[in-house]
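The two complexes that follow have chain A in common; it is paired with chain B in the first and with chain C in the second.
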Partner chain A sequence: MRRLGQIAWALGHLLVVMLGTASLVFVVLRCSGDPAMMVAPPQATLDDLQAIRRELGLDRPMAAQYVEFLKKLAVGDLAQSFRYRRPALEVLGERVGATVQLALAAQLLAIVVAIPLGILSAIRRDTWLDAGLTGFVTLAQSIPHFWLGLMAMVVFGVYLGWLPTSGRGGWSNLILPAVTLSSYSMASLTRLTRSSVLEVLSADYIRTARAKGLGAWPILFKHALKNALIPVVTLTGLQLGVLLSGAVVVETVFAWPGIGRLTIEAIHTRDYPLVQAGVVFLALLFVVVNQGVDLCYRWLDPRTIGPGR
Partner chain B sequence: MSPVEVSAPARPVEMPARVLVVPRRSHAGRRGLVLKPAFGLLVGVLLSLCTLVPGEIAPTSPTDQDLAARLRPPVWMDGGSARHPLGTDSLGRDVCSRVIYGARTTFLVALVATLVGGAAGAALGLFSGYHGGLVEELVRKLVDMQLAFPYLLLAISVLAVAGRSVPVLVTVLALSSWPAFARIVRGEVLSLRERQFIEGARAIGCRDLRILLAHLLPSVSASLCVVWSFDLARVVVLESSLSFLGLGVQPPTPSWGMDLSDSRQFLQIAYWTVLFPGLAISLVVLAANLVGDWVRDVLDPIVKRSRAGV
Partner chain C sequence: MTPARWSLPAILAVVVGIGGVGIGGVAPAPAAELVAAKGTDVTSFDPGINPTPDAQQVITMIYDTLIQRDDNMQLKPGLAVSWQNLDPLTWQLKLRAGVKFHNGEPFDARSVKFTLERLSTPGDRAGGHVMFSSFGGIERVDAADPLTVIVRTKRPDPLLPARLAQTFGAQMIPAEYTTKVGYPGLAKNPVGTGPYKVVQWLKDDRTILESNRDYWGGAPAIDRVVWRIIPDDLARVSALQAGEVHVIVRVPPDQVGPIERRAGLRVDRVLGNVTNVFTVAGIKKGVGPLTDKRMRQAIAYAIDQKAIIDNLFRGLAAPLGQGAPSTDFGYNPAIKPYPYDPGKAKALLAELGYKGEEVLVRSASGYIVNDVAIVNATTEMLRKVGINARAEIVDIQTRLEMIKSGNLTGLILINPQGTNFDTDGVVWRLMGPGGILAVHWRGSDPDQEFYRLMEEARYTVDQKKRLQNYLRAAEIFADELPWIPVFQDVATFGLSAKVKNFKPRPDWLVLPQRLGL
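So, the complex of A and B:
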């Protein structure tokens, strides 16, 4: 019963956060310029502008527009895309699979590589291995996605010719974008795993385990990792949100047909409803994932009372 | 420090006993204390030179087009010439000069944005941490809200609608950087305000503003330095990402992110047009990160001691 109450509370909270997110996007888009100017062709007259404003509902009071926006959002009606002449949500729906696939692949890759490396770095602390891994991590955190992606394209696509450089198709198309997208999260996960394992290894209960004569492996796997990986799980979840929205850049580099690239294309073709829909959609996805992680975190670590650490 | 056999996992991992002892600074750590600031200083000096006197270093003007010499390779490759040490781009512009002049754009934009955002964040953090109450609650909620939101998306939508100009770009970047400052400063002030020197200052009749500026601000300045260098790195990446997406500084102003995106289609035949601007971004970001690391390492024992109340 208590758990049910918690879930209900969390869902309510999620609704409030989603409402806040949608409102924020609305305010930002309305306050930062006149969408009609963006939509209108360069040779448009004042009358044309007025007509466009009327068509977009921009001539009505702000409050009325806001209510209208929320009403439509609630039933998933995010206006018509100018370019595709179809509901924006429908266009987004076709692309969401690609974005999710890329983000999940990147996340999986980051987990599989980063956690063992972080543990290795922690138990080999202060050796050349640790120093090398730490240096590598700092480097990986400093190289921007888009450049890493382009360089990987040059090396593996153009010079070695091993992998396709753009588009979506078989598994080989996924490798370069996923590796590129995962580089930053991989680095921060490694760093966090290392410090978390180190922290746990210096805890009293590990000393006790050592004192009663347990070997290094059981201590590490049965005692230390269970606690050390809690913050890692949290970060993993939070990163998924970042990966979903950060995919904008990587999708553009690799011509990956996801939501991010669609949104950027919509900006360049002045497809304003599609831009708004794309931003709202990605932001909501991000928020929902984050809130879900928050729930899991509380379930994993019963000590937490407040949200997150 | 004996070499470790990585390829023999069957052997039980020796849990180093020193993990359980008081941590001490390793050889690598000590070397880092010299190398990190040295690298940071080197990049900093180069960056300052490129920002202040680009004309003295650059071989030619960054906007001079020479359509007869398009996509020329760097000097060490066949067909390269000393006139264009790092080659030319698709319009025959000198890559080396564009990298040098691009430094000014990226560095100035990032510097102004982090300083403005940092000052605002620090002020909010100081004030809310010291006064508490409703203001603190509000600032905390705002910070949480912004940190829980995909900022790149917000920046993209603002720049798409508000138009692409340097003031808008700086504003967007500054708005992205205040929460980190506010959060750190607020946290420190919360613990500092209970300390005796603040109590003493209050007892001898200092006004709040004086306590904030003369007592609390110097105490948090070290943390501000750390946050600032990491934030500078973050903002440089954000700026070049936005420029890469075509939403940053507009031509003809040279910008690293924009050069990357312009040269993308020639990647297969002229990798140098993409290699060098990106290398420049990575070096700057790496330097800022390393300096941040270094300042934190140096300050760490001090910070810990002061927190323990010694």
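So, the complex of A and C:
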């Protein structure tokens, strides 16, 4: 019964967030500009613009447009894209694969690199290696994606000729955008792993293990890591949401045909239905990932479900 | 399954598997494949709903217009071999015989009637096209015989041939096929008479086209064309430098040097049909110094066009002295740009008794190349001669409201571009009846000489008479300065030395059917 209640609460929460997001986007978009100008060819007159507004349903009062928007939203219809003249969800759906592929590749890369580096940094605390890694991590966290991406493109694509400069295709096309996109989360994960391992290593039960005469590696791998990685899992999950929604810059720089780029273009061209679909989809993704992380966390660390909960 | 048991290979398989990975990375292209890159994609293959220049790159490869433009933008036969006025309201078009659409449907008078009837019907009743502004003046279209079409216009329309040549939407579509599949069907699976057919469209990534061996203009030398979409300027340049693409459209001014310094690459350029001007808002309002033409002339003298062109565009632009670009019919070559003359500007300000009223110099950010820099530079130049100028950067919507509203005064940066290479399509489209700039200046009012000249030229089929009118109108314009010209764009194309027979065009189009590798 309690579990059912929790699920109902989570679903209710999801609905409120989605409705709030959709409504906010609806209102903000309509204050942002006239889509007719973007749909019309250069020679359009004021009458032509009015005709286009009529066709797109933008000549009606905002309240009427909002009611219709909600009605359609309730049945999962996010209307037709102004520019593509096809259902916004369909246009969006074609791009999900590219975004998910890039985000997962970046996430995987971040995990594979960051966790060993974080552990290494912790067990070699206060050595030159630790200092070097900390410096590297700080750098990776502060370099903006667009700069890193362009530099990587120029070095590995133009000068060395090892990798394609942009576009989506085979494995080789994935490397530069994935590395660029992963840089920030790689750095955060390394830092978190380091501090978390350090914290656990100073805990009482580790001291007890040492006192029992266990070697350093068994202590690290059998006892310390299990606990040290709990916050790392949480951060990884949260960052997946960020990677999925935050790939806008990387997608643009590397001409990667994903949702981020689609949404940005839709914003530039005032394609209201497409922006709405994009934002609602990303919000949904974010909420679902966060809920997933929440569930994962409870499962990894049973203490968080304490007796009173 | 616990997370620990997720094997690495399994995860890798998921990552690569998603979305299906197809086309290879840096594999060399076959000999007769041209790879070109531009910034944005088509949104549909229906020619009627693609109003951007980038979209036209692909649309013009698939479909043909009745009339075409040569490299100097002069009209030449396309699907129509000749056109003439039977009377001021009637045009007769003779069509090319033996032309077939990609699906085998013959191209004839029926196709023309179908296409033009669609374009002259408001878009909301004809598949959502946005071309009514160009073709709404058509009253009826009749097929006299399979190869003769009679087009009757509501008023005399000297621009009809230019409209039929515009790459924005005037392409002929197949009547039978479109009736069967509907406009959305055509948009998805395009069928034209053009030199190329679409093989695959990976939206916002690439469009792959193969040559139409039966093309009426002769089979293209290049069998396959891949149009890649690379939105970032530098990424587009990098792709050219890395040898991944043969042609890029729109080279950013600061990248021309790096491209030209690399062996095997070059940048071709030609004056484009886009002008960059400050439109003066609220002249008619009668308040503020801008209502006096001497003030507007002082501003023109105070703007150092050459400095803007050299410093912001690395010389890739041309000084401008009138509303229409030099590529368009009606451009007056006798009118020279106002020279940079701060002394003259100061003298004019003294003469009109300028008391230091504020002059706002406005633009949106990122709407026009270097817009903020142009506005800031201009503001400084105006301040230098003693004009109390202030730069104001607004969002695109506010900019549009300002342009339409007659209540504001100040300068607003705009970059008009015509689609029909005629003064009407640039100046009168914006300032004439129904135009979005018609509220600002007396010249747009029916009792004015400028209005009479422009309206007469709009509805007179005698081209000589039209030219006379435009030459005179350009003189009034340059004296009155409802727009203060800044410069004319240069169209730039980055090219690999492998590309043969390329000729840069003012309309920015790349025509792969004419190229060789």
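What to note about this one:
By definition in this document, the second predicted complex is superposed on the first by the 232 of 309 C-alpha atoms of A that agree within 3 Å, B and C clash if a C-alpha of one lies under 4 Å from a C-alpha of the other, contacts with A are read in each partner's own complex, and residues count from 1 in each chain.
What we mean here is this: a contact is a pair of C-beta atoms (placed from the backbone, for glycine too) under 8 Å apart; a residue touches a chain by one contact, two chains touch by 3 or more.
As the structure is a prediction and not an experimental result, all values here were calculated from the model.
In the overlay built on the shared chain, the residue A:Met153 is in contact with chain B and with chain C. When both complexes are overlaid on chain A, the residue A:Leu262 reaches chain C alone and has no touch with chain B. Looking at the shared chain after the overlay, A:Val25 reaches chain B, while chain C stays out of its contact range.
In the superposed pair of complexes, A:Asp126 makes contact with chain B only, with no contact to chain C.
Legend: residue contacts after superposition of the two complexes on their common chain; A:Asp204 is shown touching neither chain B nor chain C. Applying the stated contact rule after C-alpha superposition, one finds that A:Glu94 touches chain C and leaves chain B untouched.
In the superposed pair of complexes, A:Asp47 makes contact with chain C only, with no contact to chain B. With both structures placed on the common chain, the touch criterion links A:Trp171 to chain C but leaves chain B unconnected.
By the touch criterion defined above, A:Thr252 reaches both chain B and chain C. Once both structures are placed on chain A, chain A residues 32-33, 150, 153-154, 158, 252-253 are touched by chain B and, in the other complex, by chain C. By the touch criterion given at the top, residues 17, 20-21, 24-25, 28-29, 32-33, 35, 38, 123-131, 134, 138-139, 141-147, 150-151, 153-154, 158, 198, 201-202, 206-207, 210, 215-217, 219-220, 241-242, 244-246, 248-249, 252-253, 263-264, 267-268, 272, 275-276, 279, 282-283, 286-287, 290 of chain A touch chain B in their complex. By the touch criterion stated above, chain A contacts chain C in their complex at residues 31-34, 37, 39-48, 51-52, 54-55, 81, 83-86, 91, 94-98, 100-101, 104-105, 108, 112, 150, 153-154, 157-158, 161, 163-174, 233, 252-255, 257, 261-262, 265.
Those residues of chain B whose C-beta lies close enough to touch chain A in the complex are 1, 3-4, 6, 12-16, 18-20, 23, 26-29, 145, 148-150, 152-154, 156-158, 160-163, 233, 237, 240-241, 244-247, 257, 260-261, 264, 267-268, 271, 274-275, 277-279, 281-282, 285-286, 289-290, 293.
Those residues of chain C that touch chain A in the shared complex are 3, 8, 11-12, 14-16, 18-26, 40, 43-44, 46, 49, 51, 122-124, 128, 130-134, 168-169, 184, 187, 202-206, 228-232, 234-235, 238-239, 241-244, 395-397, 400, 404, 416-420, 425, 429, 434-436.
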